[in-house]
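Sending over a structure as structure tokens; questions will come in a sec.
Read from first to last, the chains carry the letters A, B, C and D; within each, the first residue is number 1.
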Amino acid sequence: MSERNEYSSDEMMSIAAARALTGGRRCFVGIGLPSTAANLARRTHAPDLVLVYESGALGAKPGRLPASIGDGILAETADAVVSVPEVFNYWLQPGRIDVGFLGAAQLDRFGNINTTVIGADYHEPKVRLPGAGGAPEIAASCGEVFVVVRQSRRSFVEQVDFVTSVGHGRAAGDRERLGLRGAGPTLVITDLGVFRPDPETRELVLTELHPGVEVEQVREATGWDLGVAPDLARTPAPTKDELRALRALKEA
Amino acid sequence: MSERNEYSSDEMMSIAAARALTGGRRCFVGIGLPSTAANLARRTHAPDLVLVYESGALGAKPGRLPASIGDGILAETADAVVSVPEVFNYWLQPGRIDVGFLGAAQLDRFGNINTTVIGADYHEPKVRLPGAGGAPEIAASCGEVFVVVRQSRRSFVEQVDFVTSVGHGRAAGDRERLGLRGAGPTLVITDLGVFRPDPETRELVLTELHPGVEVEQVREATGWDLGVAPDLARTPAPTKDELRALRALKEA
Amino acid sequence: MAELVSLAEGVARLVRDGDTVALEGFTHLIPVAAGHEIIRQGRRELTLVRMTPDIVYDQLIGAGCARKLVFSWGGNPGVGSLHRFRDAVQHAWPAPLEIEEHSHAGMANRYVAGASGLPFAVLRGYSGTDLPAQTATIKQITCPFTGERLAAVPALNPDVSIIHAQRADRDGNVQLWGLTGVQKEAVLAARRSLITVEEIVDDLTPVPGGMVLPGWALTCVAEVPRGAYPSYAQGYYERDNGYYQDWDAIGRDRDAFTRWVNDHVLAGTTAGGAR
Amino acid sequence: MAELVSLAEGVARLVRDGDTVALEGFTHLIPVAAGHEIIRQGRRELTLVRMTPDIVYDQLIGAGCARKLVFSWGGNPGVGSLHRFRDAVQHAWPAPLEIEEHSHAGMANRYVAGASGLPFAVLRGYSGTDLPAQTATIKQITCPFTGERLAAVPALNPDVSIIHAQRADRDGNVQLWGLTGVQKEAVLAARRSLITVEEIVDDLTPVPGGMVLPGWALTCVAEVPRGAYPSYAQGYYERDNGYYQDWDAIGRDRDAFTRWVNDHVLAGTTAGGAR
């Protein structure tokens, strides 16, 4: 791998996602992009980040990227290993986790997540996706939710075909009305930029552009009439240290 | 301790109770007299008896009498140690246990057990007893219940002052009506004899007299008009082996 | 006491056409060999239950063993979709597949209720999602103390649950360690159980993080070395990540899949690779 | 992360007058030293919660710390009754003691609900007994799937739970083994927690049958060697059965009890015997 400061948009996404995780927080980690970001954060600026996996590993400290949510390295390096019912009932449900870190097949304007079916008919789907897994209760119970997803008009839609996990519903106040504990998605990180919910409407708004990306490009990859924050920022490019750590993690 | 074949009425009681436990059965063991009997059975005729304690020891094989329900020797010798919620929820409640072996402060004509208060007024009791512990659900959920108790007019009463654990209620059919899973008390062993519920009325009837005890003596120690089985039997006296095993257990 | 049997005997005795069958294992200790034996014995009309149906369920579905799937996440972990599962749901091949879909929290609690002898479990779940509209086994319940509304899900009580573990002793006591998932609950919730193990040993030396399932709570135990392959058995072998990757191409194509089942399952090479 | 504190500091910071306080430990690992510290600091009007209130609760009640007891079995295990508890219930000495009485299964499930962030738990319990007539926190609930009637009990969420464990590391991760009772649930159900440990070590070597409570789920940890005496700490010391026997005579008499508290608790000799 080159030592020059070149990087892919996926690397920018993982690094931007990692930066959002600050030290000492308890993070419920979905597999794939969230796990990469969480492990990168723990190996760089947030060594005391507590990683919780739905397989029952509390405080896992893997030295390489886990190949699955139930990789043996998670149990071997955890503070404690508990059963799957226990991780959901004693650790997630009561609100002990600060950040739920999720991926998504489809994400909509209000941060609602679909990982169930593409298409309007549940029984005759265009594409059958894997399903809910732990996501509905992670999205409901964590203090806040970060979503990391590769952005396109197929993934970033006006309204998800199926609400697998509730983001902000359809408006401010929906989470409270539904009795959902946490603040919901406060941050969405893609390969193009960073999005946050508008405090009034809860609609996702572009707040940061990754280096080299223009607003028009983001709009083209968004399935709704995208709002842009007045104080739109530029994501700092990955540092050499960040890239080195990310690549070491992936190669280990 | 004498090697002669002399024994106390308490020893006869423990040995008669132990004989009732046959091999391979799963027995939920209360502390005190039930624990003595169950351990004696395991060390004599029923080596594969499975002893379950509410402290979480499944299949305990103590080499001496445990001093309490949570004696360390129970955990050290168990097939598995589980939490207290688990022992009640996963092991007792679903009906996995064949025999619940209980003591009682008061036991009535229908095998109902009181370990809560003596006296008519719960809030101004004559005597405050320890309370329910695991007994209500042991009495409800085990396949059948054996009770071992020292007999007197104070302990063997017409009607308990407080139903801590249901035996046969007030009549046949009461257990079914209450949704209680098991058959209830099928055997009561005292220092004077053995009692079983009448199949029709569910009232406890004297079915065995311990050696040297006469029916009149039992009636005097019973707080209701005691029925006697037509085929009243004599408990065989303790054998030398039984006495030796019991005494070794108590001295270990 | 659990009876020690061969895998073929265990499946023949415990798994019947039309049964509700759970093969559990959360990435770790997946009872793959037992799943293949079910395919070999040609079981039909099964209701398959599993939180995370993955490759072995893709194989069971593709081989026509299932009429229904009760699950919370169906995928090839770290790779992508299950194409046999998709093909059954989207095109009813080789047969229609009814689905009953929950979240992990809901499924885990359904097993807990089953293991506890309760008819239902309560959780904070599903609120605001589209799942309750599709899944009849999600209802609401009101707390009798606070009046709060919560989700209720019915107990899962499979006819038979199958898990894989590291070891058993000759009395059928079973020991497993590492990530133990929902295996205890799945076994205790079931009417009958089959546990495949890496080896049968004289004594179960205690292991940190280990759990023992007493033989008196189990039905049958079968020694099946590498019975969790291509998943892993901590202390015995690693996960074969290549198998999972290779499965994508095999599972994607009906003919490739049929050839694979014939060559690797029906021919009896239980421990064979995906390739 | 849990903060490492002295016992006196831990109790001073976490236990307040009027609090609901659970000291748990099922025969094993009873946090006796912490109970004595509560007496020394003169806490009043506590609602004491414990499945098996035994000697240390007899002492807390006799010393006038409690206004209410929530429990399922109150006795001197292997010996007999708790005379201070009896005296409080029967004669309101030194103060009236309100009681809220459950079964073990009910109490255990109340902690489970508390640890799970649920307002109530469901169990098969209490049916036909006289307990529901005396205990307002036992109600009925109907299964929304089968119509079956079951018992419901509300969650226990103590202001502070106190347990004793074998070891902690310097990050406040706590390790306990042997009979672990309902300690995990009691700690996770509480708003604040204090864990006394036999020793603080550099590394928590894994132990078969051991459990680790992560420091980030705990409030304070205090090193208190022999903090469970006269109960036992597996791997450290045995139960002092003589203490339990001797307690019967001390607890039976108000004057003897008062002298004992003055000499053995208020004088600060936490690890002293009953004699």
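Throughout what follows, a contact is a pair of C-beta atoms (placed from the backbone, for glycine too) under 8 Å apart; a residue touches a chain by one contact, two chains touch by 3 or more.
On a predicted model such as this, the values are computed, not experimentally measured, just so you know.
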Option reproducing the contacts of A-C, where over half of them reappear, out of B-D, A-D or B-C: B-D
Whole-Å separation of chain centres (CA-atom averages), chain B against chain C: 41
Chain A and chain B: spacing of chain centres that average the CA atoms, whole Å: 57
Centre distance in Å when chain B and chain D are each reduced to the mean of their C-alpha atoms: 28
Residues of chain D whose C-beta touches two or more other chains: 117-118, 123-124, 148, 184-185, 209
Per-residue overlap in chain A, given as positions that touch at least 2 other chains: 89, 93, 141
Complete list of chain pairs which touch one another: A-C, A-D, B-C, B-D, C-D
Chain D residues touching chain C - in the complex, by the definition given at the top: 117-124, 137, 139-141, 143-146, 148, 150, 152, 154, 206-210
Chain D-facing residues of chain A, complex: 24, 26, 50, 58-59, 79-80, 89-90, 93-96, 141
For the chain C and chain A complex, residues of the former touching the latter: 26-28, 51-52, 71-75, 77-78, 81-82, 85-86, 89-90, 101-105, 108-109, 111-112, 123-131, 134, 148-149, 178-182, 184-185, 209, 232, 234, 238-239, 241
Chain B contact footprint on chain C (complex, rising order): 1, 115-118, 173, 184-185, 188, 211-217
Chain D-touching residues of chain B, taken from the complex the two chains share: 31-32, 54-57, 67-72, 74-76, 81, 83-85, 88-89, 92-93, 116, 122, 124-125, 127-137, 140-141, 162-166, 169, 174-175, 178-181
